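Heads up: the structure comes next, in structure tokens.
We call the chains A, B and C, going by the order they appear; numbering starts again at 1 in every chain.
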Amino acid sequence: MLQIKNLHTIAVDDGSAILKGLDLNIKKGEIHVIMGPNGSGKSTLANTIFANPRYEITDGSIIFEGKNINDLDTTKRARLGMFLSFQSPVELPGVSVANFLKTAKNNMTGEKINLYNFAKETNELMKKLHIPSDALDRDLNVGFSGGEKKKMEMLQLLTLNPKLAILDETDSGLDVDAIKIVRDGIKMYKNSDNAVLIITHSTKILEGLDIDYVHVLVNGKIVKTGDSSLALEIDKNGYKDYLG
Amino acid sequence: MAKTQVSIDTNIYNIKAKDESILKTYGLTEQVVREISKLKGEPDWILDIRLKGLKLFYELENPTWGPDLSMLHIEEIATYVKPNSNMERSWEDIPDEIKNTFDRLGIPEAEKKSLAGVGAQFDSEMVYHNLEEELKSKGVIYCNFDEAIFKYPELFKKYFMKAVPINDHKYIALHYALFSGGSFIYIPKGVKLDMPLQSYFRLNAPGAGQFEHTLIIVEDDASLEFIEGCSAPGYNDLNLHAGCVELFVGKNAYLRFSTIENWSRNMLNLNTKKCIVDAHGKIEWITGSFGSKISMLYPLSILNGEGATCEYTGISFAGKGQNLDTGLKVVLNAPKTNLFVDSKSISKDGGICTFRSNVDVMKNAHKANLALSCESLMLDSESKSDTIPFNDIRVDDITFSHEATIGKISDEMIFYLMSRGLDEEEAKALIVRGFAEPISKSFPVEYAVEMNRLINLELEGTIG
Amino acid sequence: MEYILNKSKVRTTEHAKINDLHLDLDIPKITNFSNFNVSGIDYKEYDSNEFESRIGLILPKSHNLDIDVTKDGDISISYDIDNILVDNININVAKNINTNITIKYTSTKDIYHISKLNLNIDTSSKVIVNYVNLISRNSKSFIAIESNVLGNLEVNLIDMGGNTKVNNYYSNIVGEQAKSTLNNIYIAKDNDVVDMNYYVGLTNRNDEGYINVSGVLDDNAHKNFKGIIDFIKGSSKSIGKELEKVTLLSDTSITKSLPVLLCHEEDVEGAHGVSTGKIDNDKLFYMMSRGITYKEALILIIKSDFDIALNKLTDKEKEEIENIIEERI
């Protein structure tokens, strides 16, 4: 579904090289995890896959469902069926959760949604995620706690139901609640037709998930790939074996 | 980023009714003023006011601050334009040309749905006023301003010119020389209206001026919501709006005065508004300014009674060639008076938004409470957004806070929204509507929808 | 003779009576001046036949100092005035310099002090200027400070002397990532007049400009504050903030403020805040409940407000000024 070949990126701000030849291949039905120490390029990867203008690809390619998407902007990539859950989602004053979900869904599907059904589905999802229904009227993420913001990201994931979900959870300071929210969100979302890429620092988020591959990212490159046992090993020993 | 150009397919404000006015006077001379007065059959004391205004207009100078008004030449302005219609009580009786304009602006529809009464002014004269029968029986008056001179002379004399003196500034002098049309509203003691009254002002004739006078008296314990809408089609000639609003809010009374202003981009909007508030009364100004070439508009509230409150909620949106200099003036003249200001502005395509305030806290305003907040949003670096607040404080035991911030649409916000499938233009529009939301929700729902539509119109083709 | 001084660059309604300051002044004849001391740096002294500052005073004679700072270290300049001083100090700070400059004015008699300080700060330099006005109680003070900043400048204007204080600060932040800060504190009582006309223009990317003013008004003192933060086109990603705090010790003083933000650039962070009011009664009560007298408590609170401009002074200098603050409250 997603193939990344020899990806090199620089930060537009200062021209520094971040990803230095990264390869990745994610197939339908798989859950991949990328782990790595601080500064290894984890957040850059998620942002580059989504064409954040702060990063520039200098070499290599990103291929989604067989199509090179290097030249597509963020909107077009999202509409292909990719979703990025942000580590720290922005606040949108004056934009209610209900209005935002409706606008995003309309844009993803490219057609006017049936409001009645949509409201019903949204309410069911909110129940599952333990989000009180009055949250629909609040401004998106404004004044939300860390856990509430994560719930909003998961609500969007389930509402938009993309082919590939990328979760940027690089913050080592995630609290237990937030971790559980993201984990439960992934479980609700995952099926044999879609795929998940979790980019993280800690293994807590992976508990109870059926992980197919774990990759270790160091200094802009994947230095080791293994199964879920690799995550446990890193949990025990840290990254010192991989730091050159 | 990609440049998108979206063309505006319809702009209902721009529909021009054929200029079928039956009388038009140009310029400003004693003869013109006498002519207008004679036509209206006014008493002499009104004519005297007009002549005094005329004299003062030529004596007073343009303001030494704010936008440059030197482009205005009064001799080129049609100072009085009588439409081909008399005052009508029934919508059906209004001539088609005028009726169609208001129909397309949605005025009669709004009346059916959500208003207690409606007035409509076309050029210099009101063409329609209607009020629910039930309110009439409670003593509520809602009529053409000129008519009030004859029908309610005591009330008229008691309040007319009592809030806004003739020598306040050059353009109020002009107003008093030429005033015509407008609404007169009287809400008796204790009467509370559940639904708003609305007057709609339409300036149709090219190169014309509109000088309507609106006088609203809300007696003790009464309450009213009044909405005025203003629009004009675009012509090349300069239009002038120098209206006047005088409001009197009694003890424990409440008045919400909402304005949606979408004058065309050739309008000089030099309106004067003033409200005098008695003890525990409250005036709420809600203002959405979208149109005009130049606006200079600072509603003044004088809080004369203990515990009186002024709340100001305003948004202005300046696009290409627009200079919107707006804000408010307040005099806190009694203990425990309150002022709450929430002002927002959006500038784009070289438009200039200025927030200007003048707050006087007088010696006796002990324990007054003031909170002002101004936010401006710049959509590009061609535009300008200035904040010029003035405060003069003469008492020590008040609570006063003033914040001004310049907002921006951050790259992070755009990226987040694009990752959810919105394109850049939609993302910007969503953020701008969000910025305006606290103000648009102060309007009745039809007007909030209208305001969002205006914002969308303004934003089309914004991305560069 | 009546002078019209300190004209605001941004005009507002004449009714506000804040655009210009009208003052009746009787300026004495300007004589030669030699009662000053400079330490820590070489200087060039000369007389000039014309003086003009942004305050609007044009005078026929002035005492001038030129100082080029090319090495790190502390510089101290002091003047003791006995009748009138019209001085013009030009300080040019070269690249990569770290310096702390204290300029102090004192007088024992009531005098006129009319001065202009020009500061040119080159890239990567960090300069702190402590400008200390300690002239006598009924003196008149006209301080104009102008700066062109490529590096980082902090001016602490400690304005304690005189019954008439007319101040002008005009800072052009011209470099990228340059920073200019003005911290101003004052006390005014009796029938004192304080007129402040401050401008900070941000012209380049990532600039920072700050105006912080904190003052105490007592009796019938009259204060005008005109502050402008100007985001000029090109100043994207810059930050500009102005904060004015006024503590009122009487309800007969007059406090007028015009804190202006001008913005001609989209991606900037600008803010202003004004806070005006009496000393917090809860704070006073709390301290008094711990056995502190009303006066001591008042002084403690004011000193903490004033610390923004005092914290770059040496302990000895700070103590001297804090003693004066206690005296004047």
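Simple rule for what comes next: a residue touches a chain if its C-beta (ideal position, glycine included) is under 8 Å from a C-beta of that chain, and two chains touch if they have at least 3 such contacts.
Everything numeric here is computed off the predicted structure, so don't read it as measured data.
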| item | value |
| --- | --- |
| Category of the chain touch graph - line, ring, star, complete, other | line |
| Maximum inter-chain contact count - chain pair | B-C |
| Distance from subunit B to subunit A - Cα centre to Cα centre, in angstrom | 48 |
| Rounded Å distance, subunit B centre to subunit C centre (Cα mean) | 42 |
| Subunit A-subunit C separation of Cα centroids, rounded to whole Å | 52 |
| Shared-contact residues (touching 2 or more other chains) in subunit B | none |
| Touching residues on subunit A, where the partner in the complex is subunit B | 50, 52-54, 73-75, 77-79, 83-84, 86, 89-90, 92-95, 100, 103-104, 107-108, 139, 156, 160 |
| Partner subunit C, residues of subunit B touching it in the complex | 63-66, 356, 358, 363, 376, 378-381, 383-406, 408 |
| Residues of subunit C defined as touching subunit B within the complex | 10-16, 18-19, 231, 233, 236, 246, 248-251, 253-278 |
| List of subunit B residues in touch with subunit A within their complex | 1-2, 410-413, 415-416, 418-424, 426, 430-431, 433-438 |
